[in-house]
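Chain lettering (A, B, C, D, E and F) follows the sequence in which the chains are written, and residue indices restart at 1 in each chain.
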């Protein structure tokens, strides 16, 4: 099997991959509270897991690499519930700028920032816009659960897509790290209990910053009680398949900027 | 009629409005190429117009103010077509931070950043998140055409919502500044001609920065030939009504952060 | 008549103006308290008005453009009187840097930052120095009332030049926006009542930051009671004539840097 | 066994650890070229490994946590040999500032930044000085091989301490990830071949930035051929013991600042 | 005689001066080309000299201190003539911010930044405005030759005030460091030979950045041939007297901010 | 004698030195409390003194220049004892960046930052690393007492090297500025009285920020009572000789980066 993890390769092997114009997947997550039943690494673990599964699917046919996972992001909204390590935008930008500059200096050009945390979505759009121009390279970003939205909807029973510490995330954790899940605490923990902007305004087109603590006393949005490892496995594979499709889409990467 | 424009009021009148805990609408647009038939001020003009119409609807019943319009935003993707004044994120953030800090120091708390430019959406999410925490105030943001999406879809004939220099924007310009529209150049200018990320990938969940020039030779996305002043008037009123609804939604502004 | 406003032109028209090496006037003002009788937009309104009058005088003979007005500047000294939107230097610099970078990228080189607010003068000197070097372009700045100082002195009766919310500014507002002036509140409002650095030290060569509130309880420095629309018209024309002279002075723009 | 990894704990468990005033070990490494025989993750892997071993030694007796490993640092000197992801100081500082601010906001105070990369040493001294003052908390930093210098000297045969991709690092990799080591490429790879500042000047008191490429064609400094897994195990345990000693030294943490 | 130099005092003596609410003079100059006959330290030497002379005049009656001289400022316009060490505004601001923060933390409040370099004037106005607000302290700034303008005019024969490497500066150098002046090179070196903005526009109200090299081939503006040590002594004393007057003006320092 | 001080030279003389590829010594110190018997300028005075002595030794044979001394550095740990002017890292970096950029623009390349303050050591390593890469020039840094460590050890009687306000620094002050030393206050002032990190942990490999006030009530570390001018003279010459050796080491400066 072809090794796809940057951190496990020797420098010369990585340089050879650059010479092949490999796609680099840079997984970005968060370390933050995930309710009473899930560990704080969920978003980092899952973005890395999806990235590796995607890369392994295509490695035989297309050069690809997965960097280590950026395990902290914009998680200010979780801080008041504890267990959370958060960056502000300037630090997050500086970190990704440093990494992407390194990649481009090492002669990689096709970079996919694979996001696993809702709080990073808008920030990553800004990051990609600025770095694509600075580095004159086809950077792209996606959040795996939005990319595989349709399939996720078919797999999940009580929600349409990934929320937070929910049926989807709990299922995926059960698939890859069941020892880190305490299902006894998942039962009956359904969120949110408090009203959300979207309820009040009737659309998600208005954005107001709100802490999770103000929305859900236990830190969960969604229904983790419906989670199963089998669903988790299917979700991860659906996500990996979708990400692999982006990586190998030659037309996508060669669209002029 | 109650004056709602910050710039037209005396300081004491503004201070009185602060004492009433008025909602402040801060319109944000862009100054950028808008195809062969529209002036560069479209996004700035329309966010201000919607803000003023919304404020006038409610001024008799609820204290409200509209600041001058921030007329430059993130428009790097338009630069290569000319006519465009763009800020990077750091400058855009610094500008809005200065303005919002001023508002809060003048004792306003309820601030709605009303956006009129697609390129600002992600950035404003980041801005609002960081400033809401810094200022401990209920800042919010919305893009008027997303807020009134449903009504816009019913008014427009050849597209579902606002694109760029399109049926919608051209209609609204015909309503408020017909002398600035050259409909002779709108006819037959339909965009884009080049493929977009969404076409190639089959979903809008992947983001890649692309210049407008790479997507549409004439700078138009949508079909301006279908524009009429009457549609424009209806669009503006629909947007104003929706924005007014947010401003006067007491529950929204008092949601705990 | 040749259109001179960037915001009212189409992109192609602006690009044509760049090909002619047009002078770009970038008006910069402030939004701040202006005593009990004037609106907060005075400095922004007047810098824009002078810019447009100047440009219209010369447009037939020389390519020229006026950008939208930067309506916020360094107004910390007005904040404690209310009604004021202020930026710190870093934000002000970032904003003007973004705009001037855009202008130079769109192939304009001759840029005149036309100032309408006393608090911006020193900052604009710093801005122009740094950006002229960064952009290798002949940026320049002037404050209209200093440029037309001599003529202003001949027109005004109770003061030598523009102070704040004074005979001069009130006159110019009476000329262009009389509905925004409340002369009943101007009568008897003469400032400052508190001692100034210049009184105490006997020269204006010493600079200490002082809030307006510490210098004048009502926010006025000067005597607005002497204002007339006729004087205002003459002041604006004198300023416009002086600015036009700078714009069309070929030797000035071609002085080596 | 008591779980000591932040990423594997639930938020409530972490909050309980904060209430106990647990020591937090924040491992910091690098992702960079490590010669022809070692993977790029060496410094990140080893700082995390030492941190976890140290924490496990003491967890029964003293509250302790290990955060995920910061896997990128200041590695500009390795960039020209490839395989390297590097940050500049400003990004590195911003990242650690964000993480330490988060820790202190979650009510942790005793923070040990455990370094595994030579290029980070000076930077971490600066970081700790600034953050200790900003956060009024007893932050500390050490590099594991300097802390256990004496014991390392007794274990190693051909060098006194850790160099780069050397007897020491190769041994530790053989102990924890032998599948990632290619000893066939280690044989005969001894560095550096080029003269160093210390040779030329005769002391290590003079610092000049030099790339690794200018000092060693293959990226190795030291003699990896002497490495064994058994030595690696002893090195790791010596380092872990020393780090554990710092963590449990009550006098150290209560020294007034 | 009472020692007035911070650098020559022991910490306890400085702390005692702080307890007396001493005025601190912070001299700021530049290190830059000063024509063929003067050394590069002119501006730094003279601001320090004036500061010390002023402080010595008043030390018996009023507590006062002089810090070491900030010997680099904004001198980009001299760089192309060589011999010049220049900072950009951000570095200059950061340096003065650090020093003034230190002063205020050591319980000094009355700070006079005494300037000796034309290129710093506008920047120091910005610096003082921002730091006075940040530190809530009565910071002030003056340029010694503007403060003593009238007396300087009476002493000088061929120019009204200080220009650059001119009659005034050369005289003062002859007074304090004659061994550093080469009067054989001063004769016949009169500047500028090139046209200036003020000539072209007819007023000094327009500012354009121009290098000295573009204005004067030899780096001199003014006529150093008229310099004498006797004039220099008188100039320095006039400046010192004026600065001393500011320092001891109790009303000035107690003007509310 | 060849003049070696930048500040005492004319611009043309400096430019000639640049054409000779002169080594530039940039002395960096601090202004901070130095116990009850020494003035606050010790670190700045001594780094400059060593620089000048070193340069004078070699000037006849090798082109060399000494810039003015950067007299403020990272001295936060001294602030609580008073008399201290400190910069944070960002300001210190910006200042040195501005100076080194100026040097390289004036065509100097070989730059030795000569440090005289312990608190600057780590920071200068970071500074040199970043600026050497930015400027593509062989910047170097050393602290004079570490460079001459061996000789210092042979000269000093009660300590091995420079501490703070100690036998070494007091001796050097007695040699160059005896009027600034109050030996009556040195007697019996031996420090530190409080425990240090190195005592508690048993190695200097762990770094924790601690204020001097927490370590020594009087601000002294070492034993100044043993100081003599004769020792001071020998220390300074030993340091100067060592620095001169670095400056004239052609192999050192031509080591590839």
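FYI, contacts are C-beta pairs under 8 Å (C-beta built on N, C-alpha and C of every residue); 3 or more make two chains touch, one makes a residue touch a chain.
Keep in mind that what you see is a predicted model, and the values were worked out from it rather than measured.
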Superposition rotation for chain E onto chain F, Cα-based, multiple of 5°: 180
Distance from the mean Cα position of chain D to that of chain C, given in whole angstrom: 57
Centroid spacing, where centroids are CA-atom means, of chain C and chain F in whole angstrom: 49
Residues of chain D touching at least two other chains: 88
Graph class of chain-chain contacts, one of line, ring, star, complete, other: ring
Going round from chain E, first to chain F: chain order: E, F, D, A, B, C
In the complex, chain B residues that touch chain C: 6-15, 18, 31-41, 44-45, 67-68, 71-72, 79, 81-88, 90-92, 94-95, 97-99, 102-103, 105-106, 180, 182, 219
Residues of chain C that touch chain E when the two form their complex: 74, 76-77, 88-89, 93, 121-126, 128-130, 132-133, 138-143, 146-147, 149, 194-195, 197, 200-201, 203, 205-211, 214, 245-246, 249, 251-252, 255-257
